[in-house]
């Protein structure tokens, strides 16, 4: 077969977010691979400069849905450093607790997505079912399932009650048991191993050279974890081990993530045990004195860095965000060398890409909007009913009945 | 004449097949959902899907060959529905039978795959074409073990007619037990024929969107869907007739019930199988079929030949 | 002497123009201002001799009449060195660091697109992150950048 | 050790378990007590400091003076991101999160909710 170039994205079932990959294929084999990022730009860095610090906490939280706590924590850490705020211990512990719960939910989500990418939908359904446990815990602790909104400058917004601690421990026990089961599945189910091992090889040298972060790097033997190397929040007081692996492939990345899940459960138990009493936040000034700070946070996907520069007003002078995916995306081309098209989804998924994080910058405003004809929902609805009626299908009576039923 | 029209259009022809096909699809989806600990769709979901598709606009890509594009779904449905007439459902006789109808049924069951190929190829979309090529590649992998395992049963019964095979297995009631390896092979290859996990490579959603069917919409897609449902029924009935030929002398009503149970249990086994595996890559699938299934099918052939030499004189 | 101070000392010993330009903000955070003409040699020394083998990102700043770029590099023990260079806005030329970090090209493309930096030695490639039809000379992260006039139409249709 | 069909036993056991999903619009699931849902406004407590307006990240809230020490609050549920920062910012506890979360609407206008002095909320228009 001659060489064909197929587009994967910007809209494609393998990608949960719009991003464009051009793949040149010779038969089933990938010969060339190109990435075009930037489809998800929302102008967040610029928007941060136009909002107050307290508004920015929620804005940075919305850089990414899955690692929302990672971004807001990194941001408030930088601001707290500039303002010289000493956050109370209990606040730091709660921040760490939410961070670890978030890692659990993110890694379980990843496992499900990976299952889906290799056509193993049962794994997807099971992991996402179990992920509900941690999502419910989040809703219980913070008041929302995704954008937790627990961080504020100077601490956290909600305390953890003894009843909640009991709930968390119960949830963690259940999750630990399930995770053990998934480790067993991942390391013994033939079809899973066949699809994962030897796929997306990234050697230790390449990973170092291209700057892979997080589980992607750790599965290539890079022993680097911000939580240990540059402790923030309460990580300095908690014992944990950094999970690394030398498989260098997708299988290794799966094992690293599953291993990190087990570590996270241990850490959550420690946090709950060691959590001191006291206030959870101190009051932060509205105006932050001039200064700059560089904050690092180990998000579930890898190292997430924020740089904040303050100029003494209520609004920051500059906020710079580097999400882990941007550091990892460049390794994908290396991983896909001489692989098959069928490996592409899982290799891309294996870095746990989050393109919303990656592209956060500029509001892409369509300069031609004045010409576009925007159809409102009602118009579309009416049009479809009309179209069907013309073709002899009329559901209006049935619809009325159904509506009656719903009421 | 009228009776034949009734056979073709109503029972056991198109109407019965479509209804049973939709019912089996529901059964499959519901079971699949329950295996995954989900609630699953309501009973009318496949029908509602079909009605929705029929109500939608047919969009034919500019580059596609419109005649081939439109013809292929109809071909697929016709071929599978025709195959059904040669399979004895209950009792010993199919509606039409002659010596050699096994081959005709197998041939007719290959046609849908060919239509997937042609339909995808003439869509001129890259995803469709890759899917089309994959479905053809896959065909060469699973077809041989499937044919050989069915050939083994035919050898044992010493006939090329499905109805006569039914007669043979009624006379020698427990002989079907010797074909269990063949049944296992046939079940696995049927997954490939129906393009289900782990062999759903031609329509692997995360790689090539929907493969062959990427460009299909509306009525044409609806017909394809029905054709696939019917193919599942026909494939399952063929397996039931060839590998599970018992209870054929029962009263017609009971026999019909038994037939439904046989087909649904085969569908259920397929559902379970597609729940517990990940999708294979096309090269892995080829290796699996040629390295494991084909030798096993040979073993089955050997067993049949030995049995024939030793037991039946 | 802490490790941060050791790094500070060895940098000053090697490059005496860095005297009083280095600030240890807190544990594991060193900020340094480097003259842009000496940047590459300092950078090379930090990467090759001091072991800062990993680049976090490159931050671009608009400081009124000049543009500043901060290279955040870290090493295994978690110490982060933030090297800042300042270039005039009319002539914002920086040199690529791709010879040290092949993965840095995306960060350099980012400051090219958003702040209008000119990166010497960066191979041609796809732009990031702005769309391909973005007008030339529009650098949205500069402080004097204004939203294009027509863009207001979008908000109206959204609220319609 | 590789073994195909490792998940078989759990999968088959699932048939006899209660499904983890629910038929959503017919079976409602509750939210925890401290859920940050639709906001509720107590006009009698409001002193019109407008701190909530200032802190709102999405400019969804608007406090209007309608009379002597009387204020009404207009919240655009379409803009609101349900962070409940206004609840934290308010010194007089005039704002409160409720557990209501099914707020989808086909009409943007219906999402603009005004809380008046008589403690009745009604959609604008």
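Letters are used for the chains, namely A, B, C and D, taken in the order the chains are written, and counting of residues starts over at 1 for each.
The rule is short, and it goes like this: contacts are C-beta pairs under 8 Å (C-beta built on N, C-alpha and C of every residue); 3 or more make two chains touch, one makes a residue touch a chain.
Not measured: the values here are computed from a predicted model.
Chemist: Taking the mean of all protein CA atoms as the centre, name the chain whose own CA mean is closest to it.
Modeler: Per-chain C-alpha centroids compared to the overall one single out A.
Chemist: Please work out the Cα centroid separation of chain A and chain B, and write it as a whole number of Å.
Modeler: Chain centroid spacing, chain A to chain B, equals 42 Å.
Chemist: Can you check how far apart chain B and chain C are, centre to centre, with Cα atoms defining each centre and the answer in Å?
Modeler: So the centre of chain B lies 61 Å away from the centre of chain C.
Chemist: Starting from the mean Cα coordinates of chain B and chain D, work out the distance between those two points in Å.
Modeler: 50
Chemist: Hey, how far is the Cα centre of chain A from the one of chain D, in Å?
Modeler: 23
Chemist: Mind pulling the residue numbers of chain A that touch at least two other chains?
Modeler: 122-123, 126, 129, 189, 191
Chemist: Could you list which residues of chain D touch at least two other chains?
Modeler: Answer for chain D, listing residues that touch two or more other chains: 4-7, 11, 20.
Chemist: Could you tell me which residues belong to chain B and also touch two or more other chains?
Modeler: In chain B, residues 35-38, 275-277 touch at least two other chains, as defined above.
Chemist: Which of the chains are touching one another, listed as pairs?
Modeler: Touching chain pairs, listed by label, come out as A-B, A-C, A-D, B-D.
Chemist: Quick one: which bits of chain D touch chain B in the complex? Just the residue numbers, please.
Modeler: 4-8, 11-12, 14-15, 17, 19-23
Chemist: So in the complex, the part of chain B that touches chain D is made up of which residues?
Modeler: By the definition above, chain B touches chain D via 31, 33-40, 272, 275-277.
Chemist: Could you pull out which chain B residues touch chain A in their complex?
Modeler: Answer in residue numbers: 35-38, 55, 57, 126-127, 129-130, 133, 197-198, 200-201, 204-209, 275-284.
Chemist: Give the list of chain A residues in touch with chain D in this complex.
Modeler: 51-52, 54-59, 61-62, 122-123, 126, 129, 132, 136, 139-140, 143-144, 147, 149, 152, 157-158, 181, 184-185, 188-191, 193, 377-378, 406
Chemist: Can you list the residues on chain C that touch chain A in the complex?
Modeler: Touching chain A: residues 25-26, 28-29, 31, 53-57, 59-62, 70, 72, 74, 76-80, 82, 101-107, 110, 114, 126-131, 140-141, 147-148, 150-151, 153-154, 157, 160 of chain C.
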